[in-house]
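Shared between the two complexes below is chain A, which has chain B as its partner in the first and chain C in the second.
== the complex of A and B ==
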């Protein structure tokens, strides 16, 4: 080839080939953009689906007319009046039982109101509609209710209410809440993180700062990475075999003198979740430790620090934001996991708050799972509400992770 | 450690070779380094200057599979002897690095930390002041001791690193191109500081900058790959700086210092 020969297009043909190059670029750009669009659409569809279920018209009848108990409209009653209605109309046995669970005078007005509805008036939900239906077909729904359930009242309702957050489980969807599930989830996640954070951080420190690069350590490292991808149900089996069965005296609390439980306790669930998030915490911890620059370690060693002094005073403090971010992400993983809890044996119906690690428990995803499998549509509505609670909890945790990362981030 | 070796020498290497795995990075270095003098190590890139420097305070121990043969003797004791703890070596041979690397702590803490972990029992405020005065930084930072060290300029940070090193009262200070990341004015201040420091300390400095070596050092060690095609470096000439720059014995040294290659 002669170096002076020009083998490149010039003039018109150059512009033509350039246009061709731009065309290919814009096609790829469009493909990438549609990928993003698909992702956004699925997210929007998910959110819409959940919100659609949690709000909407509901047709219900009162089994007993409110006028049997009071002359005033229900909404105008004050706390004292509600209390009196309960006192006079409930059987004394039922009232004493409620009073023993929690002193009636100390209960809030909305709780008493709910009790009047649940125990005395007895709401009977006939049918529920989704938000979209309620908005688009409002008149048809009104006509349908008037025809089919002439006695029924029609109301546009948000199933997600403050009362929903603070009331325990109930067999009637109208009065069921997620209090027990939220507390169960928090207990479980708390135990999981208390168990996994020290162990995971310790393992990360060992792998990053002490372990030499030999065959054995490479195998360990690879396996930790693989463990992070093991299906969560497998961890459920592990939890069942080890914590629920083998360690039952410990996890049921019987070795501490607690006799009324078996191994299916919050402790078992928490430890199982801890094992599940352990690889996550180790990997995140390693990344955080890796990000601490070597110059800092050398500075410490250079003035006569031991390895431990270097790690404790410089590596760990500087890796801490990363380790914390990792553990918050681990928490949000644990709080959304369902499969291991089903295997470890979460209770499906429980109305008492968990009192400690040896209590029976339920958790938010378990509750959602339970409610969605029920036939009555009102349970689907509260399942949707519980999902919203779960999502808000997750988003809050992730936001906290981002804030911690940005706040405590250090420059070197 | 008892004193039985020639006292005017701070440190001595005997047939020192440094290996990374099977690769011999530095071979057969024999040097006697005089007390309270500045010795410069010069030579082209990749000839093992930093490796040799880091051998003096056993920083190479952190490189996997590295080992040395031969001896580095300080007050008659081999620093690589089986009875010597590397932490003890680093305690008495301090190091200043190429890039300023203060701790992400306050100026005060940067100095106090090293003293504290080494069991310092005296007055900490005094030690901090004395070390900062010793590194010619006191006047600039005396009112902002609680500020983060990262708020200082690069040159100030490097002097803080020197202050941190002299606070633990080493007998030798190693400097690995301490001014290469600094501007000319900061460089000048570091060089002036070195002249002050050598009243109390023996200094070994690696530098790429031959003018710097000529300006600051009393002795110069010229390093070079030992032969064509080989990858291991060695000291080809070691004598008074004046001599290296005016009347070198080795042709390769002459070529290098006159800028004919390298």
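== the complex of A and C ==
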């Protein structure tokens, strides 16, 4: 070959092109890494945005002057004094109604304090600021409030308080809480898991231990994989058509003598959510059962165990951590899922605790949705607080799943 | 010595396999029923959605031409053009994929080709946390962070509710899914291919883009399809941030209601079971179900093909 025909670079030009290629390579490595950086930044922005909304300055006015009710400053009152103020100033009908919901003497001081504010003094929130604004522009905010709302008080408030966790819904953001929503979520998830865990685990055992490779079983497997990808809102429509409408006598409890509800109950929502998480539980269960080594099964067969004895005494105990992890993940999916609950008809305003599966209900993500879509900024602040509660709940669940996975799982 | 047992003509060897075990069969049939239940769920979805959708299309006012050839959707007052909902779904999903595919693929390439095991174990949880956040929280983020951000960049033309912020946030939500599926596909490419490329003098970047990525293209394609299907079916982000009210537009800065957002808004109220509004929702849901079903099936076929190649 004639050396002049060689189109591969040599010498100086070779080194140049090589350096160029290395430069391109390192630039792209930085670009690839920045994708992860963007993901991290988005996560940070999301969390920051939520926390930013849940704390900050609030300008509010008292509609009625506190001095009309007591000579002392409000914060110094003790429980007995608060109780007396309520007794003397509330109409006797309103007081009896509150007393019937829960005996007044048994309520804590902070609850009574809130009642005085809510019922008698009546707070009127003028404006709220985010945490960042409150910290960086504190003086400007004070000046603005002094100018625009001369009557108003300014206070740095955490919207997420113990009272927020323990009070029921209210139409006023200042007094609303997530108690009923948390209870509703727990009821619903409980029903969903009671329904989905046995059936899902059973299906997983069938598919891993019994199913032969025939047409029907292949259909079942494909079908489960597909169900896992069906949009959650479609499950909501299914729940609406079947549980809320067709099975109304059962889900409303009228079969059992409960008359004051329609099919839009905790039971309907729980069953819908159970169907939604079923594919997730089956797939996770299959993975867990698959991970149990065959030698265990063969040893059991070898000493004369039947198929079910083998599964019950050897396969299931060893697959249990995996199945548990899978169900915790299913629980956290069910807690965060919102769309099916809207369709199935979670009520948005419930001030009484759910009493059983046939109660109307609301759930944490429903409250977040409701409050986020309100126009007033004080509702955005309590939406942010509810999100923090939701995220802490999910974080705890996921941490539990990781701990179970790491502690109990045996390695073969 | 004489073997008396073997000479006995009535002897049959003990066959445990033929022994009746009623308990075992009961358990096996119970397990079988739980397995088959999943098929019933699919059948129930198709049946219920189909039944109500059929009621909708049997309504004398609704014709297929109206459904597919007009551009206004107000079933309550006799306007049955599905397009405004479809264009909004397409716009938000396109924006979401436009955000999540490059980012997800780049993240997957970094995790699978560049990151050390230690770096991977610290970086992956970021994606896992992103994947675990409920969509309603993303909705809050879209409305109260992304929209103001877009408004401060693009000014007045950005409406309070707009498809762009919903789409971008949806992209962030889908990113972990695309990243983890693509990473699985990339790591399934055998080492020998990479080593062959290095031996030819290729840089790490050239190996990743010209050898590993083409070899795993079907897996990445499956991730893309699942991502699209997820974007089409996503409800809460668009219900909160993308606006309420069908609007025939492709302008991402305008408010428009997607198919899912429409279902969520209409069914949120107390809906009477025999109204055209109620049945129309099922027609929309059926479309949604069929589109996502086809997309999921395609991605499963793609993944299966791709598995056969390297195992």
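FYI, the second predicted complex is superposed on the first by the 380 of 412 C-alpha atoms of A that agree within 3 Å, B and C clash if a C-alpha of one lies under 4 Å from a C-alpha of the other, contacts with A are read in each partner's own complex, and residues count from 1 in each chain.
Just so we're on the same page, a residue touches a chain if its C-beta (ideal position, glycine included) is under 8 Å from a C-beta of that chain, and two chains touch if they have at least 3 such contacts.
Being a predicted model, the structure only gives us computed values, none of them experimental.
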Chain B versus chain C as contact partner of A:281, first or second or both or neither: neither
First, second, both or neither for A:306, with chain B first and chain C second: both
Partner chain in contact with A:389 - chain B first, chain C second, else both or neither: neither
Partner chain(s) touched by A:213 [first = chain B, second = chain C, both, neither]: first
Contacts of A:29 with chain B and chain C, given as first, second, both or neither: second
Contact breadth on chain A, by residue count: chain C or chain B: C
Contacts of A:296 with chain B and chain C, given as first, second, both or neither: first
First, second, both or neither for A:350, with chain B first and chain C second: neither
Partner chain(s) touched by A:314 [first = chain B, second = chain C, both, neither]: first
Residues on chain A lying within both footprints (that of chain B and that of chain C): 304, 306
Parts of chain B lying in touch with chain A, wherever the complex brings them together: 57, 59, 62, 64, 87-88, 90-91, 94-95, 97, 99, 101-104, 113-114, 117-118, 150, 161, 164-165, 167-168
Of all residues in chain A, those that touch chain C in their complex: 21-22, 24-25, 28-29, 31-36, 38-40, 42-43, 45-46, 49-50, 53, 198-200, 202-203, 205-207, 210-211, 217, 219-220, 222-227, 229-234, 236-238, 240-242, 245, 275, 278-279, 282, 304, 306-308, 332, 335-339, 342-343, 345, 365, 368-369, 372-373, 380, 383-384, 387, 390-391, 394, 398
Footprint of chain B on chain A - complex, ascending: 212-213, 293, 295-296, 298-306, 309, 313-314, 318, 410-412
Residue ranges of chain C touching chain A (in the complex, touch as defined): 16, 21, 23-24, 27-28, 30-39, 41-42, 44-45, 48-49, 52, 102-107, 109-111, 113-114, 123, 126-127, 129-130, 132-141, 143-145, 172, 175-176, 179, 203-206, 209, 226, 229-230, 232-236, 239-240, 260, 263-264, 267-268, 273, 281-282, 285, 288-289, 292-293, 295-297, 300
